[in-house]
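Below: a set of structures, written as structure tokens.
You will see chain A twice below: alongside chain B first, and alongside chain C after that.
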Partner chain A sequence: MEAIFQIIVSGLTLGAMYALGSVGLALTYGTMRMFNMAHGVFMAIGAYGAFFAADVLGLPILLALLGGIVLGGVVGALLHLLVVRFMLDTKDFEINILVATAGVGILLQDLLLKLFGAYPFRQPVQIEGTVELGGVVIPVQSLAILFVGFTLISAIAWGLTRTSFGLSIRATAMNRDAARLMGVNATATYLQVLIIAGMLAGAAGVMISSISTLSPDMGTNPAIRAFVICVVAGLGSVGGAGITALALGLIEAAVQYYIGARFGLPLMLALVVIVLVRRPAGLFGREEVVRS
Partner chain B sequence: MADLLSVRNLCSGYGHIPVLHDVSFSLPREGVSAIIGPNGHGKTTLLRTLSGLNRSWSGQIEFDGAPIPQSVEARARAGLVHVPQGDQLFMDMTVMENLAMGAYARPKGYDLQTGFAEVFDLFPRLAERRQQRVSSLSGGERRMVGIGRGMMAGGKLLMIDEPSLGLAPIVIEQVYDALRKLASTGAAILVVEENPSRIETVAERFFLMDGGKFEWTGDTEALRNSSDIVATYLGG
Partner chain C sequence: MTDTNKTTTMPTRRNFLRTAALGGAGSAAMLASLNSAARAQSSEPIVIGAPLPITGAVAADGIEFQRGLEMATAEINELGGILGRPLELVVEDTASGGDDLISSAGQRLVDRSNASVLISGYNLGSNTALPEIAADASLIYMHADTVVRHNELIREDPARYWGSFQYDPAEIYYGIGYLDYIKNLVESGQFTPSNNKIAVITGPIAYSINIANAIRENAAEYGFEVSLYESVQAPISEWGPTLAKLREDPPGFIAVTHFFPQDQAQFMLQFMNNPTPSLIYMQYGASLAAFRDIAGDASEGVLYATVIGALQDEIGLGFSEKYLAAFGDNASVNSGGQTYSALHAYAIAAALAGGAGAAYEEEQNRLIADRLRTLIFRSPMGTMRMDPETQSAFCYPSQTNDPSLGMPHIFSQIQNKNENGYIIAPTPYDVAAFKTPSWMG
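== the complex of A and B ==
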């Protein structure tokens, strides 16, 4: 019983982090067919931003967390203004942007390395200590991750489904020309989407670094997971990405507990292969039906 | 009062292939006008160029007394509403959400319920389907959502591309009944339709497009008296 509880708590914690990491990626792809290869570096930038705010500037951790999130959003905005904007209507945008963002990612990662070095700093933006819940000892930071993850994801879900701003994002994702005919400025929508994705990635980075350490390439593994989650969910399915992230977090926690920590990722990837063999469009994706 | 829409020597096309050749015409602030003519001669291209989806190569467009803005979204905000061919709905949204998107460019305090009421009054079927995703609707119902979405914008000119395309005759009747009701409110409407017999009782002004230019223009009476011209271009 305690084992199950332990698995659920650490699974949900993992899942909340994965969801933070993958929902922004899914939103970007779903809205503008853009796979952001720099997404992992966005996470690292958010983590270093929070670290800098707390350690160097001495801000309280809540403000530092906010700083990391905002910095992620700023980098997202810059990516749009300096790169994406000029490529939007080019032929083969999907491939071009993949290569371009991969380049941006390398640049930004090296910039982090130059600024902070490779020393594995400890993330100061975290809450020390443990609590005992139902006979299980849980780090307070796990609860903080759960709280931050669910708050941000619920806010995004609410915004996308209940506001006119969210409606315009979904409309642009479904049919860009039609959305423009309704008066939606698609370019501005893309900017907003990249800001949101950057903020989510920044938050994910702070959370991930709080249970490991900081390093310029800390986003690589989480980004691979985020890509995998998006593919399993069905490319561009935002809600699907959130649900898949939670499910994979729980499965990984169970595998780590019963089989061993190092089998977590391999078994997750095996599961992914099985899912994709059975459902090539992903769990929540739809086969594209071409109508003549 | 000045014309609502005034087009001078408009040229446009796709890639390097010209489609529209020096199209000039103007529309008053009220009433239904129709662009008729055979398929593949530029009717849809004209609407797309007016709404900005296609770039205009040369020529002037004046809308509501001023040169028309550049971007698609700015034109929509100026009150030029385009109900495109094939509906182009937001397929994963409900009927209500699609209609709400139609009113996106309206000023903040606009009460969506007023617009919903007007659309549901014209298309009672949509009221029953309001919570359904449009991907689950029939072709005729989708067309109604498309026109309803255009109505929600409350624009100055409603351009509807082939409202009868791909529909069964009985459904076409329903759609045209709705257009007739809409026309009776005095709204300015521009309809593209291949077949003049369907539109002839609704519209009061006709433009016959062939080879990317208007070959003939006239009112309902002139159209009836010119059956030979129409037959030349459209057969039958």
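== the complex of A and C ==
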């Protein structure tokens, strides 16, 4: 029983981190048909931002966490202002932006390397201590990751479905030209989407680094998982990405316990293949869910 | 492997350390003497090519490898370089990657930087990429990959790989050495385990797997039982499912042979949330400052071993002091000392051979290789003496019971998170006694 509870805790912790990483990616693709290959580096930037705020500036961890999130948003805004907006109306945008963001990712990662080096720093933005629940000792940081993940994703879901801002995002995602005719500023909407995606990536980076370490390439593996989750959920499905992330986190933890720790990712990828064979548009995707 | 120089009497600690200190000073004096007797062959710098993992998963080591080479380069240049020619260090990043990245880094050093020698700590991959490049370019290549694959490669084709040297022993001595150490710990009454079970946790890299397999295959012979054999992916941060297995059947011993320091640190942080009465051994990674930085209090009590770690004697401490003064308190002498020692050994061998050779200068580089094969070099990490059959350093005490003739397989325990672990075995290098970890007390 204790083992099952431990698997659930580990699975939800993994799932919450995956969800934070993948929801921003899904939002960007769903709205703009843009696969942001620099998403993993956005995570690293958020993590280093929080580290800098806490370790160098000496800010309290809550402010440092906010600093990391805001920095992720700023980088998202800069990506839009300096790169994306010039490419939006180009032919083959989906392919071109893939290559462009991959280049931006390499550039930013090298920048982090120059600024901080490759030494694996410990993330100071974390809560020490444990609590005991049902005979299982749970690190408080795992609960913090769950809380942050749940809070941010709920806020995004609420914003998308209950606000005029969310309405403009959904409208632009469905049909950009029609949205423009209805008075929606599509360019501003895209900017806002990249800011939100950057903030989510920044939060994911802080959370991931709190149970691993900081390194300029720390976002690579989480970004691969985020891409996998987005594909399984159905490209562009924000809610689906969140649910799929939690499910895959739980499955991975269970596989690690019952079959073996090394089989977690390989079986997750095998599951992806099976899902895509059975449902090419993903579990929550439709054949055409984004703007035409 | 055979050891023709194996002796039967153990030296006294005091006499041995005194002789060793003289030997270390003698090495620098020898190079200075050779330099002063020689006329400068040319003013062209000798390029030391360093293909190192300075980014990626094992960057904590790679950064130190670079620092060790920088320090050795500066020291050798102060002594007059190699027969009057100064050294110039050129580093290429292998990014903790596989053979593709390692090969291209090595090739760039040969083709673009005109390296006269390739020196690394360790790289990942199959461990054959750089020996191939060195063989094609007729260059000397010195590394501390710590793999038996190197020995096999040399045995399979010594005519091709004459220039590749592993300046520490292969990993095959770790598994047996660990079993032998914990058996002695129990039999000598220093430690009473809760049971004779060992949980072995390994990673995806051949080095870790070979060590884990050696423990599994030989445990029964030493009176132990392997109750769990778990392979993990790398990097790994969430250890929950693995810890759940350990907590279901708590073993007396846990051996983590997956060696990434950040992953080991996360294991300890999560283990300490609800520890089992298990003595924890961590392969190599815990010897780095990054492990103590990340794990903090949870690092105290952990045992680790390395076949190439800085000793805590006169030579080793002298080096450590200089190294930490140059690079700061969170620098790792255990990894920096590796490349530092290798470059010093190369410099002496090249000076004795009449100078450094360039790429494709096979005749000169073969002379240097001959010197390296017969050199007995006392470094801060112990004595570097090559087994001519495998071109790997001899291991003390597994291959020789004379500590002046082999690189020691040292066991250390972290007893203070702010300091490097104290060496607790083998004699005569031990400086502290084993302490039962706090989570077991």
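Before moving on, here are some points about what is shown:
Quick note on the criterion: the second predicted complex is superposed on the first by the 287 of 292 C-alpha atoms of A that agree within 3 Å, B and C clash if a C-alpha of one lies under 4 Å from a C-alpha of the other, contacts with A are read in each partner's own complex, and residues count from 1 in each chain.
Basically, a contact is a pair of C-beta atoms (placed from the backbone, for glycine too) under 8 Å apart; a residue touches a chain by one contact, two chains touch by 3 or more.
Because the structure is predicted, anything quoted here is derived from the model rather than measured.
Superposition note: with chain A as the common reference, chain B and chain C can be accommodated side by side.
Once the two complexes are laid over each other on the shared chain, residue contacts for A:168 go to chain B alone; chain C is not touched.
Contacts of A:177 after superposition: chain B is touched, whereas chain C is not reached.
Contacts of A:186 after superposition: chain B is touched, whereas chain C is not reached.
In the superposition on chain A, A:116 makes contact with neither chain B nor chain C. Of the two partner chains placed by the overlay, only chain C lies in contact with A:253; chain B stays clear of it.
Look at A:93: by the touch rule set out above, it reaches neither chain B nor chain C.
If you count the residues of chain A touched by chain B and by chain C, you find the higher number for C.
Per the superposed model, the minimal spacing between any CA atom of chain B and any CA atom of chain C is 38 Å. When the two complexes are laid over each other on chain A, chain A has no residue in contact with both chain B and chain C.
On the side of chain B, the complex with chain A involves touching residues 51, 53, 71-73, 76-77, 81-82, 84, 88-93, 97, 100-102, 104-105, 149, 153. By the touch criterion stated above, chain C contacts chain A in their complex at residues 54-57, 59-60, 62-63, 204, 230-233, 235-238, 240-245, 247-248, 261-262, 265-266, 270, 273-274, 290, 293-294, 296, 330.
Those residues of chain A lying in contact with chain B across their complex are 164, 167-168, 170-171, 174-175, 177-186. In the complex of the two chains, the chain A residues touching chain C come out as 2-3, 6-7, 9-10, 13-14, 113, 117-122, 130, 136-139, 208, 211-213, 215-217, 221, 253-254, 256-257, 260-262, 264-265.
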